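First subunit A sits with subunit B, and in the next complex the same chain sits with subunit C.
After this line comes the complex of A and B, so read on.
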């Protein structure tokens, strides 16, 4: 156990150091995830009309939470994995006594750590777009002070979101064993994620039947669920974590099956 | 001028021939473009399900903005993005020297060298959507309205080109610029919705700082003959001319700082 912990710490440290080298780039990456802030403008204006379930302040809080969750659950494993497979760099990794999947996971964790200070600054800046999100207004009075359990659950939810996205993308990435150029087809799952996860539409504004259907898919738990916990505190907790658990198990099994089948098929340099 | 046209035709037929090698990707690109447009329409449908009208725009009017965004997106995938990526490569590898030595204007060469067919689905879907939305507005748009709007779309493309070219020019100083392109693309997403649908600070930013308003909202406004369009038409022309000149001057300025591979 201690040796496993030591390995994890060492690898996280290495990837953290690697990422910090490209600090300036990380700022740009953070800006390129500014979609929630654009959508915040559209929805705050819509919320102010009073025609929607959320009012302007609630919209602003929701999208600031979305921005934060998005920053901490960025997953790009498919691009890395494709490159490793196509260039044959996966071969030496297979010789090591540790599953390459851990390497990819820790690379993401290292990047998240290096991103953290920038994320905090950017989130603070978000409030300048709609300051009332902080101290409330006539419709939603009171400061936005998430309670301790809200924060704890949101952090747990955020990491569930990361695990779900990672498993989904990593399973899709296994296609690289057969098709080589798999990152281009990644849009087939990225676009449903974009529109059904709550980045673009606060899901409670969907018609009730559509909301019920979407809640059985893994997408809302990748953004909407943790963001709603943080912004509002009212979320279907039991059902939420249950659905997450089922999807994690399903995707895990799919991933392992594809990994084994893929390795048999793998025929890059030296394999 | 005819020489430029002839060279452009040669470049384009060569790049189309090269891309035809991967034509199985075409189906995939079409599906992705359709999904993207579908998602944008879904978002609008959710916004319009009650009485709310974004910034006073009706459902078909807002669809027109999405359609124009899709057309511009297709245009930039076809003509602008492939060349932008290429400029970055040329500068990084120092092979820009060969372009500068050629007896033709370097900006021209760099702007028309490549085209990609992957933007076609977006162009087709965008035009189809624009025609559909145009039939649904009251009164429906006629040929004259489209004829008025078309020059505005061209100006939008010109602004997009100038903006992209200036960003690519920055590669001369900062080698790794791909991420800036991503960051800009993310901000341009704002053009999917009519600018009056945003709160005031956003409107100011997307008009005066990053001129997204002139790319999608103004062409739609012009086609719809909305009141006060004249000011925006003049504004659009002004922004396009200023930015094209700025892109030109900036490129000439940057070349003085270009240290080629060997020096």
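After this line comes the complex of A and C, so read on.
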């Protein structure tokens, strides 16, 4: 077993154990990110009117896919990092020969694993509320059975979404080195994230010019892109993954520059 | 060759200065005022392999700031430091693998899980093979009298048990230089003794250098032959424990028991009266005058018993810091 795999296994295992330590909390966290299910209720009614590009069943499938992608791409690193800096708990992590970012990433992975059973139960609940999403209706006949490649690309897209969100939030979190309290600054990107990622509105319903503009930002790739792959298999794959790659590189460079500058500014307070 | 080198090391912090009251709060909100605080000034010392050095100073003297610079947590504002041939704030992996910092008031263990889980991560992070990690954990746990404490959630442990687990986590990778900041803080007497014994054994077995800060003089006297005194960021003394008394305590303590009660005024000609309780008195007498004063005491008073000793090191250092003498 290589050193990297051993580190990965040890940290994922331990952080999974940490996340399942408080069982009720997992359920509450999973339920708290169920906005897509509420939006599903709204948009299924809208889709039934026939005034939108997606019909009711497509809307239901899309928002169930959004719910799944959201569950596996939730990021809260800014809150954790801020606390670690302000309380001085970052110091022990800085003394170890591994970048603390890996710990934060693997905490998220551990949390995703702990959520999985709840996510499956909630997904089953969605299908029971709107069974046509599973076996289709007159407008969209046939079962919702994503092909293997759809699933694979959706999973890859989902983890790209996680990486994008993580890098963006972690870069904002670096502000803690200078300003200490930075979690509020994340609200600056939360609104664009909410409206441009496809959580509230399926992006197909935007005016074409707005859709074209939005597709150059990182937000659609945080939800809409992988959700659309999973829901109907029709998505701009090449452009999508190319834009993701560019944003990941840009955010990674920004993050590393801020990290290095921040460490020079770090006062290891409280420690 | 020294494992730790500090050469005119200095650190200046910029801190916000908020005036009190509502007016001060509003002014602070509109326009922040800052002042520069020199936490460490021109400190120079070296530490050799295997040496245990006590690092003493009152609160706010700059001890922890110095340790933070030596471990690479913060960048110095002036001077140079070198630990095991590395510049600490470069945070080279090879450097981080060979040092540790234990902070009595901070923890690295995951609060909600047993210490064993944190040790598992540390073993992987420091590339200690599973078999070696198990052997080292058993050995360190044995030295610290730890048993099932390692498998209980950290939040359920007492302060002493937690500190011992912290030491196991901090030493699992067998560091060559240990920076210990108040490792016995808040521990009971038995736990303090266990930690001291453990550090002594670790030092002898691994040949590790230790720089130790503590407010408990018992830690220093039990472990350190050499001490560094720091006050208001500046170095006051670097040498042996005994040397402090020679240099900073020109008095010796004379404890006298008389045949009958005596008054303080009757004792003043012989020295500074530290305490008087009926027939028993403690006097401070200048070293260069000691023989003559004791001879006079025997001639002029009814002495039943007399002992001469150096004043307690705690008193000397306490007085030194209180006076801020250089």
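One rule holds for everything that comes next: the second predicted complex is superposed on the first by the 268 of 271 C-alpha atoms of A that agree within 3 Å, B and C clash if a C-alpha of one lies under 4 Å from a C-alpha of the other, contacts with A are read in each partner's own complex, and residues count from 1 in each chain.
In this section, a residue touches a chain if its C-beta (ideal position, glycine included) is under 8 Å from a C-beta of that chain, and two chains touch if they have at least 3 such contacts.
All values derive from a computational prediction rather than experimental measurement.
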Checklist entry - Which of the two partners, first being subunit B and second being subunit C, lies in contact with A:264: first, second, both, or neither? => result second
Checklist entry - Given the touch rule stated above, what does A:249 touch, subunit B (first), subunit C (second), both, or neither? => result neither
Checklist entry - First (subunit B), second (subunit C), both or neither: which does A:96 touch? => result second
Checklist entry - Is A:124 in contact with subunit B, with subunit C, with both, or with neither (first, second, both, neither)? => result neither
Checklist entry - Is A:206 contacted by the first partner subunit B, the second partner subunit C, both or neither? => result first
Next on the checklist: Just to be sure I follow: which residues of subunit A are touched by subunit B in one complex and then by subunit C in the other one?
Outcome noted: none
Item to check | Residues of subunit B defined as touching subunit A within the complex | outcome: 25, 28, 31-32, 35-36, 39, 42-43, 46-47, 49-52, 54-55, 176, 179-180, 182-183, 185-187, 189-190, 193, 197-199, 201-202
Item to check | subunit C contact footprint on subunit A (complex, rising order) | outcome: 3, 6-7, 9-11, 13-14, 17-18, 21-22, 88-89, 91-98, 263-264, 266-268, 270-271
Checklist entry - Tell me, which parts of subunit C touch subunit A in their complex? => result 13, 64, 68, 71-75, 89, 91, 93-94, 96-97, 99-101, 103, 105-108, 110, 112-113, 117-118, 120-127
Checklist outcome for this item: subunit B partner, complex, touching residues on subunit A are 25, 28-29, 31-35, 38, 41-42, 44-46, 49, 51-52, 129-130, 181, 184-185, 187-188, 191-192, 194-195, 200-201, 205-207
